[in-house]
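Mind having a look at this structure? Questions to follow.
Chains: A, B, C, D and E, in written order; residue numbering restarts at 1 for each.
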């Protein structure tokens, strides 16, 4: 018979399967995936630049940004690549120092949206039954509440002074879509053999959800997370643009607002650089994220990653 | 397996399903109405004072401003929050949304009715247009996905999907209403034309709708192209498409197979986004001075017109809820797999 | 060790617009799997084999009947208390690819249940790795090779062996192998079958083997027992070799007749039975009473329309072979292919 | 392409396109001047008895309109109004005294200064009498006001044959009971009258009957279209055939219209310099500037520390470069405030004469500011000013987010303060309503506030020493409420030392302005300006300039700079004989 | 009408992979005699489907037919056909029954509508007659034709769908029919029925049929000729009874020995050692089977054995005809 192997002696050298090796292999795989297309690398570079801006941006400038009282809405020059604002402050400095708030909000929103959506979707899909019904009604409601109008109303009650507050509200309003999608994915994964097997082995629910279900949905979740970042940036910048959120001269949305309504950027070219700087920042951030999203599937699927 | 169910039984089953949806929808509307009621009543700010100071800000004399706003005190809600809530629910049952404060003396339903016209028209047109465009381009992007053109299309979709609608709106106004003024920069129609089915009026309607519709189209086009592309790619991988090719079916027919299967899931999304259209687009209406529901809502918030705010909120919610129900039923009707019970 | 009496299960299908419809998947099934024993269930698609397997593994509830594990009737226990018993029954899935999580390496797949087991039995963590290697060796694959690999890097046969090894982590007493070889390449099938047989003999696990290919049932062990399921009902039961050699029920005979003949090595049996077409699950559903096989049986008579034959009561057990069947017109027919050389 | 191209060029014709700055066009609103958003446009299809002139100090200067002339008794207690005999409604019916009486009756349902149901209210009318078909006599109640005439003449006149049915038959009897009756009967009558308010507001005549030069033809959410009223008394003065009033939701729309040369006249809006230059470049575009009695100030909440200390307020005044703030916030529509007097500079000169120059100017002076802060006990550590107890001093300037010029101003101020070691930041409120609500609730330390609302001196100082500062007028009686209560957010002291004038109660003085004689008013204004200048309840930042945009390519003869009619609509300009059709080829 | 013959010559199909272009079918010569059923067996990944697609010149990207020809009588070299000619040949001349016939039908259209689409695509003038033919064919296969044509795919069972697939391949009177795994995922009785139908229809219509499967049993039941594929090569080919009765290639022998049997000594059966081939693991030179071969020789490492045809049987093995000594692999296990 082919199958009988001496059960007593396991091979001498234990295979290297520690977590550290796995992690190292994972990151190697990620690197491989990213290198596969130059566009992905470009995306990574862009997003890394923004992250750097968010972390180190404010450190590059004094707390009180310098103004030039005689150069209001100055045109672009070597000293001011994107001109100056209504007060004579360098627009580029505003964009760079403003990145932190925008990115933090985006990140906070994304984390909250995805965490809430995933948790609720997973719970509903995994436990089915009554919980499912309740949670799905809740989800329907979340989806039925008109978000932007509600935010407009909320902004009169609540001053979103910290990016985390802003992220919290955007996140709490935005988890419905992900919850629904995660639930339907969970429902279908639940029928897959390996989940059944895990249940048959008596593995705890924690393990099944955390180790078996979540990794299978990782690409989807990661993708949504990235997309939620851009979504949050838009929602937030839009609210600032509508002028309902607290003023901060280096906030991108406030810059848009002031450029249009104070500077007349859409009417005359004078304030156009002031308008374009935050716009370009937003577009670049989107571009970076869009380019990276493309790689998510391959990063989280071991087969595509190792190829 | 197929199963023959008497027609009457089936009709009853459908009726039961619809009834279930309607009940659930009503509960949801009630919930949202309650939440919005509470939030709205908690908004700080004195509407009369607000109006008075705004008039002064606009250069009106204090006496005149006082005359114009004094009477508004009579329109402020009175009674405890609970009493107001009960009254609100009571009048809701009669489809009465109360009276407006910012347009005193006019029923909220009338205001909403007027605004809805201006919202539905451009948003519906924009939705349908972007759907058609996005779906066509999505097919193209999927078929050419390994080529440069497909990449470009998909990237343009992702980016447009990402670019916020206000950016598009602002850029379009800057270009077509200011730099090169071939389009009106605001308003729904030129008042010089007598409303009705005359070419001048309709021409003006269309002329004014172009920019909002284009903005809306561009903003939602990205979503459609991406969704359609991924659907087409998925269907392309399905065996029946290859099978159809191997049976020597004409390209046109194979394409129809492909398109129909890929587009089917999009119809539910379409139904949903048509439901969303009652929310209009606040940004678009703001930028183009288009007097739709979104603008109505913004104005009602800034003037603390409680009844109008609540009413607009409700209409938007009802739109979404109804669209959800329709989308669900629609899916049952158009997909034969779901239609016959999915017993396969 | 594990017995079932009168197991019945009816699915209520919620079919979209159409409302509910009932699908009887199992009707009054009795069975027993002994320690180290081999019991095979055969039957065509939809006959309820998978449902039975899932019920035994505790993954599905049943409507009527009793399952007794180690002498303990499961109906007497709460849902929680039942778990440890059902853990002694491990299911091996038909599709070895979907049975393994594509995002987890073999090591991770084995580690989780072994850690659980270590906690239960108070063993140290170091035991986990050595046990994993031991189990993989036991199922005949090189631990060093497979442990760090992802499922997609293994062949079908290897994957199925990993699945079996994973089931063994719980030290089960019964393995339920649901079509465990049908998705595996022909050249490798026998390897898995031999492994199951080997586990029976050496480790003493009972094997409940589910298949639609009777020939494979032989390879589980020559002392095995065979149950033939038709639309949820056991229509014939007995020793595997016996039933293959001397099938009595027309349905068993149809199944055996359907086995392809290896022309050149074999010639077809003389009395091959071809069931009447068409076959359909819903067909005859409205009927009350009568043999379930009537619509397709070439030999049915008027009695079969009226009366329902019962396993054991209406046929057998044969004194000598203990073979039972549920047919009013039992008759031996030579349906299986005969080797050319014989 | 909406200009008239017909041969009417010499005599008139064409469409006059404009924007009504004070009104959102609302197609759902009725054609009813009592409705705040009603489709009645002052000067076009809405007529008052007379139109106020833009006099810096005298509120009683008016151009005749429906009222061709008026006479006031020397004690200002009785006014006779003589209607123009040739005034007609657009359906040909003459405008009579009865129309005026009905209009006044309707005004009573709405409440208002001259037509208050409480006879003790300052400047309330006591009796309305129809003397003859073209003469109405109105007497003032006991509590006389210096603006009584102005309030009467601003009465909007509506046709009795359309609106008359809104008043119950016994209305005038009811009014008597309400004004002069006692107890329950009077209350009931009052309630009945105020109860009519909603009906009056909601009333929609369906089509417009106007006594003005134009009649509303159509209104849609984007614009209102008016056509000539053939019965208007001065119809020969009116050049355009039609007037189109556009709606707008944001200033930038007006800018765009102006750059495109689409508007014949646009109201004042704040305009960035670059946009202003573009507008000036547009063909036929002209800018008219005139006096507008409004100024912007940075107001303190004196109930909050350290702003209760006048030295702190003065220090901040010394740290703000008002010229720079104005340059950033309102370069085209404002002039830096010469000093803080509570009065628009132009009016201040008229009121104070040379006294104006005697006021402290608060020129930017960090040294003085340091001294003042030290005087207030503030301490400076690491280049930052801290409260006397050493805790950090955070100056938070509140502004409504919707006013981008105010936001810019606040930002500029905060930057300037920060330059001098004051930790300042800008906090915006989501909208103006919220801003005012929170301001009134005393939630802010500092906020921007409109002041100097002339021409009536009472209106001017009521912004500093009125309700917002604790002085409330109730039934002709003044009372002062404690800081932080009932809308007293400025929280100033009730009595202040006014130097030569001794200790005064500024609120009381302000109240007196209502009915004091011209000379007395001058004296009080002098004191109050001094008080404002020394006590600094606010820092006056800039005075607004009424910047009007006109386009002369279709119509000419617009009013010149500083014209008395500048704050009136172009409809009134036409009534006054301005605005002629431009001759072809001449721009 | 005579059944056409099919001659595959030196066919090589490569797939583009990260590791370069790898051949899934390598230098295959195969002749389908007119009017016969030829069975092709081989493990998963041995190139069977790729071969089948080549017959319709329909290898899917990233695959590419690198060399060779497929001559069909009356049609010429299929691989030279392009565009409309190729489309018309598919379905009309060569019928194809899909590997996953379960999923080869458009889920949104009834079978009848898909049939009409097929008719229109091939300019069938009398669509009524086409429907009649289809109904007859379905009835011939034991189904209620009218009902089936009115059904959607999901309303049919797996066996029924498979038969619908066969109907669609035959209804235009194609004379060459390719069936890729027609019975996988079906149970025994259904499989038997399908195989019987294939045989009967084949004879009635005088077809040339290629049946592809990984189940030697299924092929043995219906086929006249049997070709065994391994690693992209046809390693043995000949009349089915002869190949099964006296296999010459070690792989064929191993395969037969691995078939579970109803009778006979259990201990004679055993699995093939090692793993089935994949593109990536195939050796670039030498015999593709040598890794798992019990009769491996040194020459196998370097030389790819040529296909040698003798008495109507083709075998590609260095060891064939040599005495059975060499590596005594049987002793090892």
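In this section, a residue touches a chain if its C-beta (ideal position, glycine included) is under 8 Å from a C-beta of that chain, and two chains touch if they have at least 3 such contacts.
Nothing here was measured: the structure is a model prediction, and the numbers come from that model.
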Partner chains that subunit A and subunit D have in common: B
Chain pair showing more contacts of the two, A-B and B-D: B-D
Where subunit A and subunit C are represented by their mean Cα positions, the distance between them in whole Å: 48
Chain centre separation (subunit C, subunit E; CA means) in Å: 31
Computed distance of Cα centres, subunit E from subunit D, in Å: 92
For subunit B, residues contacting two or more additional chains: 1, 43-45, 173, 178, 286, 301, 340, 342-343
Sites on subunit E at which at least two other chains make contact: 157, 270-271
Junction residues of subunit A, two or more chains touched: 1-2, 152, 156, 260, 266-267
Touching residues (chain side subunit A, partner subunit C) in the complex: 1-7, 9-11, 13-17, 21-22, 192-194, 196-204, 207, 211-212, 215-216, 218, 300-303, 306
Residues on subunit E engaged by subunit B in the complex (per definition of touch): 56, 58, 60, 87-92, 96, 98-101, 103-109, 117-118, 120-122, 147, 151-155, 157, 165, 168-169
Complex contacts: residues of subunit A adjacent to subunit B: 137, 140-141, 143-146, 148-150, 152-154, 156-157, 230, 234, 237-238, 241-242, 260, 265-267, 275, 279, 282-283, 286-287, 289-290, 293
In the complex with subunit A, residue positions of subunit C that touch it: 57-59, 83-84, 86-87, 90-91, 93, 95, 98-105, 107-108, 112-113, 116, 129-130, 133-134, 137-140, 142-144, 147-148, 150, 152-153, 163, 166-167, 169-170, 191, 194-195, 198
Subunit E-facing residues of subunit C, complex: 44-45, 155-158, 185-191, 193-194, 212-216, 218-219, 222, 244, 254-265, 274-275, 277-280, 336-340, 342
